[in-house]
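Please see the structure below; I have some questions.
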Amino acid sequence: MSFNTFGRLFRFSTWGESHGPAIGAIVDGCPPGLAIDEALIQPFLDKRRPGTSKFTTQRREPDAVRILSGVFEGKTTGTPISLMIENTDQRSKDYSDVAKAYRPGHADYAYDAKYGFRDYRGGGRSSARETASRVAAGAVARVVIPEVTITAWVSAIGGDAIDPEKFDPREIDNNPFFCPDPETAKRWEKIVDDARRDGSSVGAVVECEATGVPAGWGAPLYAKLDSELAAAMMSINAVKGVEIGDGFAAASLRGEQNADPMRPGNGEGPRFLANHAGGIAGGIATGQPVRLRVAFKPTSSILIPVDTVTREGEASEIITKGRHDPCVGIRGVPVVEAMMALVLADQKLLHRAQCG
Amino acid sequence: MSFNTFGRLFRFSTWGESHGPAIGAIVDGCPPGLAIDEALIQPFLDKRRPGTSKFTTQRREPDAVRILSGVFEGKTTGTPISLMIENTDQRSKDYSDVAKAYRPGHADYAYDAKYGFRDYRGGGRSSARETASRVAAGAVARVVIPEVTITAWVSAIGGDAIDPEKFDPREIDNNPFFCPDPETAKRWEKIVDDARRDGSSVGAVVECEATGVPAGWGAPLYAKLDSELAAAMMSINAVKGVEIGDGFAAASLRGEQNADPMRPGNGEGPRFLANHAGGIAGGIATGQPVRLRVAFKPTSSILIPVDTVTREGEASEIITKGRHDPCVGIRGVPVVEAMMALVLADQKLLHRAQCG
Amino acid sequence: MSFNTFGRLFRFSTWGESHGPAIGAIVDGCPPGLAIDEALIQPFLDKRRPGTSKFTTQRREPDAVRILSGVFEGKTTGTPISLMIENTDQRSKDYSDVAKAYRPGHADYAYDAKYGFRDYRGGGRSSARETASRVAAGAVARVVIPEVTITAWVSAIGGDAIDPEKFDPREIDNNPFFCPDPETAKRWEKIVDDARRDGSSVGAVVECEATGVPAGWGAPLYAKLDSELAAAMMSINAVKGVEIGDGFAAASLRGEQNADPMRPGNGEGPRFLANHAGGIAGGIATGQPVRLRVAFKPTSSILIPVDTVTREGEASEIITKGRHDPCVGIRGVPVVEAMMALVLADQKLLHRAQCG
Amino acid sequence: MSFNTFGRLFRFSTWGESHGPAIGAIVDGCPPGLAIDEALIQPFLDKRRPGTSKFTTQRREPDAVRILSGVFEGKTTGTPISLMIENTDQRSKDYSDVAKAYRPGHADYAYDAKYGFRDYRGGGRSSARETASRVAAGAVARVVIPEVTITAWVSAIGGDAIDPEKFDPREIDNNPFFCPDPETAKRWEKIVDDARRDGSSVGAVVECEATGVPAGWGAPLYAKLDSELAAAMMSINAVKGVEIGDGFAAASLRGEQNADPMRPGNGEGPRFLANHAGGIAGGIATGQPVRLRVAFKPTSSILIPVDTVTREGEASEIITKGRHDPCVGIRGVPVVEAMMALVLADQKLLHRAQCG
C-alpha cells in the first residue's frame, strides 16, 4: 500500500516521477507565522542539484522550487504548503531495454510483481529524483526548529573511511564529496572516478549530527526517536542501514564502556562525558548531539552487463545507459539532513503537544 | 508524544509497566476466522521468559497470557484481541537510589527531562518487560501469515561473531544463546558469564530471516519495507542499529558486486543468484528471503559504579542492583521474530488492500 | 477494517465484548503529571451504569474500573493508561434464536456478511456495553481540559421534546431521564414505560454543551471541529444523526438570520449576539459554547416479533428476549459527554502542538 | 492542528487558497492499472463549476484539471496522483474591509484566534473553492468502485422541501438546482432569486444515495461507516448537520417502526422491507442503498450589513461584496457525491484488507 506521507503532526507528502511534468511536496501541520519564501528553500535544492561536478549525474536541471500555497505575505499561514519543482531535462531516450528486462538492484522486478506494470522511464517513482521534494520540505522544517543545527557529511566511500581525528566541519562544503577531510577527499576523487570510468558505481556512508536538540524530545518505544529517525533514513532510496550513536559498534562493548557518564552541568541538564547513545536514551533526546550513520548502497544503474530476465522470464543481460551518479551517497548528504530536520520538527510539535 | 501503537492495518498497542499489576497488548485489524487460543501464544512467551538460564535475568514469572476479547469459539472475530500478562514477581525492593540519581545508559534522565518525573520502579515503562506484550502480539501475527517462516538467532556477542560457514539452524534452540553454532555457543558461555560475574554486561547482534514472503509485499519510499522493518526493530529496547541485507557492508561494494543477478526460475518469479538486498528492492519484497541484522547495546543495568548526577544536579555515582540480563540481546531473539511477524502481517493486509 | 482507536494525539482504544471476561480501554498520549485515580473515574461510570431505574436495562453490574498502568503515585506518567472493567452479570441464557436468525435493526446480518460469523452472545462487540470503556476514557480526558465544562441532557424522547424556555440545568440529575425540565420528565415516564410494557422501545435526542472552549481550538476542513465531533458522536452505538449548532434548522434560514453578530467584549475576544454556529466557525472554536445534538434510534432489541431470515436464508420472525434499555438514548447522555471530552482533550493538544 | 488529508488507505490531501496561483489534491493509495485521464475527471468539475447560472457565483473559471503524476500510459501506477487546477479569475479587488473586520458566520475571527493572522483574500483556505480539489479526487475514487452508483440532489432550499412522492432522478440534471422535481425547482428559482436580489442567501439540504455498496463494507464503532461518512460530509464548508438513513426522524420512532424487516432474497443476501437505517447496521453496509442527508447553512457572505468588531476590537458593521453563491448548498451536490465516493473507495480497500 502506497504511503507517501511522513510524519505525525509536521507531515509532508511527496508526489511525482522522474519523467513526469513535475514533482512536489505538500507540507502540512506547519506552525503559522514563520517567514518562508522560495529564496530560503532554493539553496538546499542547489546543494542536492545534479550536474554540479563530474562525480554526480550529468542531468542538468535548475530544480527551481515554487510555493503554491500556505504562505501569505511571506509568512506561513498554518495551512498546507504546496511546493512544486518542474522537470525540465528529461531526455526522450529509448527506454525499450528497461521496459523489457529487469535491472538487478533496481525496483523494476519488484514493481512489476506488485503493481502488474510500471513506469519504466528513468525509474519512474523509484527514481532518486524524488528526494528533491524531501529537500524542499526539509528546508521548511528547518525554520520550525531554529534551536537546532544540522550537519551531514560523507564519512566513507567504497569502504575508504575518513580518519575521525582529521574531521573538520569547515571542509565539508569545500569539495564535491561533502568530505570533512581534504586528504580523504583527494583519495575519493580517484575511487569515484575509477568507478565512473569503469561504468561502475560505489557505495557510501553518510553521517549526520543535530546539535541543540532539547532534552525531552522523542518518546518511549514505538515512537522512539531512534525509531523515527531509522524509518526516515531508511525511506531514502538506496539506504540499507542505519545506526544511532555507536550503532553496531555498541554490540561489541561492555556495559561500563557504553555508559555515557554524567557530571553536573553549567546550565540546564548534566554534562555527559561520552555520547555512545547518539544523544538518545530510552527513545528520548538527552540534550547531547543526536548522531546517526546511514549506509547507501552503490548506484544500481551501471554500464557493466548483469545477468537478468525479461518480463517474459527469459534469460538476458542488461546494462543501464543514462546519466547516473557513480556514487548516489554523495547527493544523499542534503537528503539525510532534510530527513533529520523533518523528523525533529515533528518531534518538537509532538513534545509541545503532550508536555506543554 | 506517546505513541504505543505500531502498524497501519494490522496494529497492536501495548501498555503496562515493570512493576504494575499487569502488562498487555491489544491487537486490532486481525482478519476474522483464524484459529487462536492461549496455547498457541504461550510457547513464544516461554521462549522469551526470564529465569530459564543463568545467562538471563533471574526474575521468575510464568508470563501466562490471557485472551480477554476478540476470539469466539476458538476463532478471531475481526474485533480487537486483548492480551494480558500479569506481573507476579515484582520484588518490593528499595528503589531509593534509582529514584534519586540517574542511571547512565538508562532512560532515567530523559524521562525526567520529558515528563518532569518518572516511575522509577524497575524502569517502569522503559523496562524490557514490555517486550513480552510484543511477543504475545507477534504470535497472533504469525497466524495471519502462514506462508512465511521466521527465524532469528544471535550472530555475535561482545564482538565475537559466528562463522557463517558453520551456521546450522537446527542448533539455534539447543543452547541458551539462540546460537546456530555450538562451538561459538561454548565461547559465549564464557563471555557472558565473565560479564555477569564482573557485574557488567555485553552487547549482541541478532539476525532474522523470513522466508516465503511473496514478491510484491511492501511499497516504495515512505512505506518501504526496509523502513517499516527498521522502525519496528529500532523500537525495541536497547536496539541502536538495523541493517537490511548487506547493510553497511553494501556501502563498501561496487555496483556489480552488489547487484543480485536474475536467472529464469522454475516457478513464479526469477531465480536470484545473490541476496545482497535482503529480499527487498525499491522497498518491495522480491520473493527472496527477507534478511536483517539488529544491534543490541549491552544492558545498561550494571553493578560497576558509573559517574552520574542526582535529580538535584549533584555529582554522584550509581550501581544498579537487581536481577538483570547480562546480555539483553539474547532474549531479544523472540522479540525480533515477533516484530518481523507483526510488520509482515501488516504488509500482507496492505498489499491485499491496494492490489487485490 | 477494524479501527478501535479514536483521536490523533490524545487517543483511546477500546476492546471487549458484552459476554467476555472484561472490557477496557487504553488511553495514550495523556499529558504527564495529572492527578488521576479510580475514584475520579468511577462516578462517570456510575452515571452510565445499568439497572439504576426501571427505565434502563435490568442488567446489574458494579462496573468497577481498575487502572492497570500509566499512573504512578497518583499522577499520570505520560505513558499508556490501561483501564479495565470486569463483566460480572452475564446471564448464561439461551442464545440459539439469535445465533440462527438475524435481528432486524441489529448488526447481526452485517457482521455475518463482513466476517463470515459473529459472537452472538449479547451482541458481542456491537453491544452498547462497549460505551462503558468510552466513559472511563472520557473521565481521564476531562482532567486534561479543566478549563472546559461539559453538560449533556436528553431533549426529546419518542418525539416529545422539551420546551427550551423551561430548560433548567440543575434538574438534569434529578430524574432518571437526564431531563432538564421536571414536567417533561413526567411525560417521558409514561412514554418510556408504555414502550417497555409493550415490549417496544423509543428513540431520543441528546444535546450537549461545552463551555470554556478557548477560541482557536479546532482546524479547517478535514479536521474541522464539527467533523471531529460528528465522527465521535456517530461512532456511538445507535446514533444516526448529528447537528452542530442549529444544524438542519440552519438550512431553512437566510444568511442574516444565521449570522452570529459580534460586539466588543469585556475580556478576551468579542461578545457574540447569537450562537447559530454552535461555537464553531470554519472548523475552529470561536470561544462561544460548543453545542451539538445527537439522534439515538430506538433500541433494536424488542419483544415484538419482526420478520427476518435465518442464516440459511429462510423466512422467520424473531423477538429479542433479554434485559434491554427501552430507550438507549437515556444512558447515551454520559457517553455523549465522554466523547465530547475526548475530542476536546485531543483538540487542546493539537492546538498547542501547532500554535504553541 | 492542520490535517488536510482524508481517508485511511485510499487517501487524498488537498492544498491551495482561493487567491493563490492554483489549488490541488494528491490521491495516494489508489489501486494500480485503472484507466484514468483528465477527460474522465473534468465532467465532475464542470458540474461544480461556478458561473453556470445566475443562482451560483459569477466567478468564471474553466477549472481545468491537470494530472501531474501517478498515471502512465493512461493507467494508474499505484503511486501518488497529483491533480492541479489553476486559479484564473482572481479579481484584484479591495479586501481592506475584510482584512480589518471579521465577517460574522465566516472563519475570519476563528482563524485570527488560532493562527494570529489570516489570508483574507477571498476567504483564503476557508474558501469553498477548496471543494474543487475534492471533486477532482472524487472522480478518481469513482473509478475504484465501479460497482457503486452515487447520486446526490438538493431536497430543500430555504426550508422548502421536495415532495418525496414526486422524486424523479432523471430531472436532477435538468435544472440549475439539482432538483429531482421540476415543480419544486420552479419555486426555488424565486426563493434563491429573492435572496440574491436582497443581497442575502439561503440554506439547503442535500441528499445522497449510493447503490451497489456490497454488504460487509464498513466496520464497527470508531470506524462505523456512519461515522466515516459523517466526518466526510461535515468536513465540507458550510455543512452543520448529517443524518444517516432516517437520522433525527428515527429518534421519534418506536423500535418496531424503525426495524428494517428481512425476507428471503433472490440472490445474495436478504430482501429488506424498509431502509430506516440508511443501508448501515452496526457500522457495516447491509447491501441496501446507503442514504444520507446533509445540512448546508446559508452562505455567510451577504450584502446585508451585520454587526461585527474590528481586529482591534472596536464595534463596526460589515457587508461582504464579491461574487457569492446565494445558496452554497446547490454546488454542494457534486461535492457531497465526491465525498461519498472517496469514503466508499477507502472502505472497499479496507474491507478487502481485513476480510480478503
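Residue numbering begins at 1 within each chain, and the chains themselves are lettered A, B, C and D in the order written.
One rule holds in what follows: a contact is a pair of C-beta atoms (placed from the backbone, for glycine too) under 8 Å apart; a residue touches a chain by one contact, two chains touch by 3 or more.
Being a predicted model, the structure only gives us computed values, none of them experimental.
Engineer: Treat each pair of touching chains as one step and give the shortest count from subunit B to subunit D.
Structural biologist: 1
Engineer: When subunit A meets its copy subunit B, do both sides use mostly the same residue numbers (more than half shared) or mostly different ones?
Structural biologist: Subunit A and subunit B contact each other through largely matching residue numbers.
Engineer: Between subunit A and subunit C, tell me the centre distance in angstrom, where each centre is the average of that chain's C-alpha atoms.
Structural biologist: 46
Engineer: Averaged over CA atoms, how far is the centre of subunit C from the centre of subunit D? Could you give it in whole Å?
Structural biologist: 26
Engineer: Return the distance between the CA-based centres of subunit A and subunit D, expressed in whole Å.
Structural biologist: 39
Engineer: Multi-chain contacts in subunit C: which residues touch at least two other chains?
Structural biologist: 1-5, 9, 14, 29-30, 32, 78-79, 114-116, 125, 220, 349-350, 353-355
Engineer: Would you pull the subunit C residues touching subunit D in the complex into a rising list?
Structural biologist: Against subunit D, the touching part of subunit C is residues 1-6, 8-9, 14, 102, 104-111, 113-116, 125-126, 130, 156, 158-159, 195, 200-205, 215-224, 226-235, 237, 239-248, 250-265, 269-270, 273, 276-278, 280-287, 293, 295-302, 304, 306-309, 313-315, 329, 350-351, 353-355.
Engineer: Mind pulling up the subunit B residues that touch subunit C in the complex?
Structural biologist: Interface residues on the subunit B side: 1-5, 9, 11, 13-17, 20-24, 26, 28-30, 32-33, 66, 68-70, 72, 75, 77-82, 114-119, 124-125, 349.
Engineer: Mind listing the subunit D positions that touch subunit B in their complex?
Structural biologist: Checking each residue of subunit D against subunit B gives 9, 29-32, 78-79, 220, 349-350, 352-356.
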